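In what follows, chain A forms one complex with chain B and a second complex with chain C.
Then we have the complex of A and B:
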């Protein structure tokens, strides 16, 4: 051990209580950063995965520009071809086909405008949570015709319960008038008010019949195995769709395009999170700065003597930096380790947030959030602490260069 | 807003030859007279509605009864698939009837801005047709000529607090009361859509445009055209024609 390190080590333990407090502050900040970042990333993934399971799926295949206009005429005319294509792509967990139309829905008393979705009951259950969100009555069965699932708020507005009949009036694909009477089989509550207030689901076959769709559909909805696969699958799908029909290709779009609001709220949350972390780091930096300024004032006389007997200011600076960096490294390492342990604990158990469910249900989160520890969440926060404390420690350390030995020795 | 308004006014004066408007003629009266000429006391008409879109077109034959400024009844006669679908408009309320499900549906207020039967006419255009007379104040903007006849350009601004759809309308009415054009502007006073009448000829015993075309600004290949096949003006039509029972009867 060189003499510098030895000196630094002794200086660290000159005031053990102060040192421990500083290390604890750094460790606590690092720990908090590791856990909070993991929690944030975890909640985003939970949010995305729960949101896509409400309705949209991770990916959808549409006719070109369908998302912009949502016209009933923009169809996927050969869903069988898409089915074959999707079966050849690995990592796709499930898919289903849907038809979408806008219609008037009318009970005996009232009329509203709603989005009518034609679903394949069996496949739909593997893609979305629709089946499990049926609160009254039952989910559609494969053989059902002229039956419908209605959103809870819509059912309330229309004054209907399972078994009642409602009339649908809209426009078919060929421009003709589409009208039918369906009986309510179930009532669902997805947790998203817009969906519960303005949507109904009917069997795809009934949908195709009413809206003169023939065999066509509007969207193929895909759930992939892991969120991180979405990009790659989207790219390969688009290439294959292009080669299938080069003139007027279908397009695959991902959840970010399907739910731009979700992406934006995640970004907003991340920014406000970053501001909080920055404040946290600055507070820690000031506490470090304080510790080292104290150390210098306390030891001015000592530095004067050391310089008088020939120690260069550079060497003293080095000693001081070794002191500060040792404390910071110990602090951040402890923070990373403890933070990771806590995160791993909650990663397996989840954090119950049912108390805040009203607020979070608008993001589609109900029940538990699982933090997600990753290299980024474990390292980036503590690394920022390390860098900022280094600069905080540099300032007092550089002050030594300005010291004059004679004056320093006279200092109290 | 004021500035924009001034520019618009200015434009109006530049584009239409500036002849001092006969102040004796009242703009309100002209609009009212034009509207009455157009609708008559009561009328029975057969109209072909053509909905044109960039890659498809659809035609419907509609039989229409109107009475006064407020009541109308429409039936689709062709294509056969839609035969018997009806719309009743009474005051500011609208109902639709579908023979297949044999139900009458009242159009809710939230749906009034949606298109009627997929056309470029909104439910509001039908239901609030008389809103122009009630909710707007009319003033002359200028004059022009059309087929050797004098044409009045009228600016219609909504009255304060009137429940209106449009921020401004511009009407072009010929001196013999033929309605040539109606332009719809939004609250920012930008043009949204235009209804133009042309092919003026004898119809129902008086001069009347045989074709009406509604199209959105900047979308030349998206429009809805009404072609009058027959038109008969009546002094009156019975009350029981404009009822829900009558709507349900699906008159052939």
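Then we have the complex of A and C:
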């Protein structure tokens, strides 16, 4: 250990109480940032993963501009080609095909307008949580025809229970009238009112028959192994779709485009969080600035003597900076360690948010939030603390240069 | 004398006092400003919720909220209105509405919407639609087939003002009723979902179409002063027979916003506490320094016969003055920043989809709530004095002999 570091270390512990308080302040800010950032990242991941599993998937393949217009005429006419393509791409966990149409649904007493989705029961269960959100009755089976799953609020409005029949009336792909009677096999509750109030699911084959779709579908829904793979897979899909049909290619869109609000609200939450954290760090910086300042005012005489016997001001500045940075490093390290421990504890247990569940279920968060510790969440906050306190420490340390040995030695 | 002494002591070391003051000021300022922004988000959400056809109170036929179907309409609203005239405070407004789910379609598209039959003149005073028409014109009482729809719906249907739109819904005889309307205007709302959901027609036309006669779905009420008036709520509930009508206030009608409001308070207090802890360490440290520097002085005072209690009081008074000064400046700056932002607000239009997803309005105006400010200041003052008690007790415990030999 160089003599400067040794000197700095001893200087720090000349006043243990003050040093401890300063370190505590820094550690407090750091641990709070580690925990809060992990908490935010964890809840974003929960939000994204639950939201994509409700309906949209990580990626979808559509006819060009389908996302904008959602017209029944914009179809993927050869789903088999897409299936072959998807099988060649690694890291795709599951995929399914769906048809989408708008129709009137009538029970004996009531009529409402709903979104009708044709699903492949077996594949759908691997892509979305529809199967596990069936609350009454049963999920569709592979052999089912003319059976339907109905949203919970819609079932309530229509006064229907499993076993009842409902009539669907809409327009087919070719403009013809599409009408059929289906019986209710199950009732699902996704937790998202919009879906539960205005959607029904029927087998894809039935859907294709009723709406004169032939073999065509509207969307191929894809779940990938990990959120971080989405971008790469989307790019390679789009290249391959382009080469398959250069004139009028299908397009792959990711969850950010499918749910623009989700992405933006995450950004908003992150930015507002950063403003909070920055203000917090500044308050901490000012509240420990005094410790750094005191270090030189108390020791003016000592510095005078040191300079008089030949120590350069640069060296003293260096020692002072080593002192303050040592304190900060000890504080941030303690903060990282304690913060990580707290985070790991909650990472395995989850944080109960039942008090706010009616609010958060609309964002796809139900039950518990699990913070997620990562290198970014563990390091970035404390690093910001380190940088800002460095600037706070710079001001007193630079004051040394203005000291004159003779005057300094006379100071009390 | 006592205060004056403390005040002078505070300023014995100008630089040190200034630095800790800055910490307190930034802390208080951020509490006030961010607190008012969070409150502003809530206020905006609620305002928007109330003006989007909610009102402060709604009256329905019993069972409507649970099952908002045409069978649950109020057959004779004039009975209710005569009660309203007696019960509501002067200056209250109310309006009749027909509200049913319907299917809108044109040649290319169809979608589920909510058809709202309104009295154009009174409705304009109660809800957003009065000021929201962005192109074309608003309904007049004698429009027979005019319809006002949201801009987003107009876009989605690829249609224009002047074109036809067909509405289909179930009438009171459980038959499908349909009627063609001509789009006379579009409205722009805070949320795109509002623009896609609501279409407005004249109440009498909707009643005729659905064979409702004089029946309506609901009565919306706006009170002249504050939205929460428990007396009115209670009076309405007792004056209207329970088995026929149900009364709801906006808190029941807007569960999402009410839940947000409930979380907000807790969240804000945690934030106050966190900021306080951040500056608390500084306050303790600075006060400790000030006390240890003056060890000899305290020793001397004690030797001269000053009671420990007086020294404790002296140190606490110094902290008190420091905190008060920081709070006055911090509050002042906070209020100035709020005032500066209150003109244009914070515009989130670039993130409109995100704001909508989170249920927030596109522009956030900071809102000052006396309760928030009081609690922020109380946290700083009370906890500030508590943590200063530690150095103060230390100072009071110095023994004269020890302290006087200290250099």
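In the analysis below, the second predicted complex is superposed on the first by the 362 of 412 C-alpha atoms of A that agree within 3 Å, B and C clash if a C-alpha of one lies under 4 Å from a C-alpha of the other, contacts with A are read in each partner's own complex, and residues count from 1 in each chain.
FYI, a residue touches a chain if its C-beta (ideal position, glycine included) is under 8 Å from a C-beta of that chain, and two chains touch if they have at least 3 such contacts.
Note that the coordinates shown come from a computational prediction; the quantities given were computed from them, not determined experimentally.
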**Q.** Room on chain A for both chain B and chain C (clash or fit)
**A.** clash
Q) Touching A:262, do we find chain B (first), chain C (second), both, or neither? A) second
Q: May I ask you to decide whether A:104 touches chain B, chain C, both, or neither, giving the answer as first, second, both or neither?
A: both
Q: Quick one: name whichever of chain B and chain C touches more residues of chain A.
A: C
**Q.** Partner chain(s) touched by A:167 [first = chain B, second = chain C, both, neither]
**A.** first
Q) So, does A:291 touch the first partner chain B, the second partner chain C, both, or neither? A) second
Q) What is the contact status of A:112 with respect to chain B (first) and chain C (second): first, second, both, or neither? A) both
Q. So, A:177: does it touch chain B (first), chain C (second), both, or neither?
A. first
Q: Mind working out whether A:387 is in touch with chain B, chain C, both or neither, as first, second, both or neither?
A: neither
Q: Identify the partner contact of A:239: answer first if only chain B is touched, second if only chain C is, both if each is, neither if none is.
A: neither
**Q.** Footprint overlap on chain A, comparing chain B with chain C
**A.** 104, 110-113, 171
(Q) Please output the residues of chain C touching chain A within their complex, sorted ascending. (A) 15-16, 19-20, 22-23, 26-27, 30, 34, 67-69, 101-103, 108-113, 158, 168-170, 174, 176, 255-256, 259-260, 262-263, 271, 274-275, 277-286, 288-289, 348, 351-359
Q. What residues on chain A touch chain C, complex-wise?
A. 17-18, 21-22, 24-25, 28-29, 32, 69, 71, 102, 104, 109-114, 156-157, 170-171, 198, 259-269, 275-276, 279-280, 282-284, 286-291, 293-294, 355-356, 358-359, 362-363
Q) If you look only at chain B, which of its residues touch chain A in the complex? A) 51, 56, 58, 76, 79, 81-82, 85, 96, 98, 100-101, 103, 105-108, 110-111, 114, 117-118
Q: Could you pull out which chain A residues touch chain B in their complex?
A: 73, 104, 106, 110-113, 167, 169, 171, 174-177, 179-181
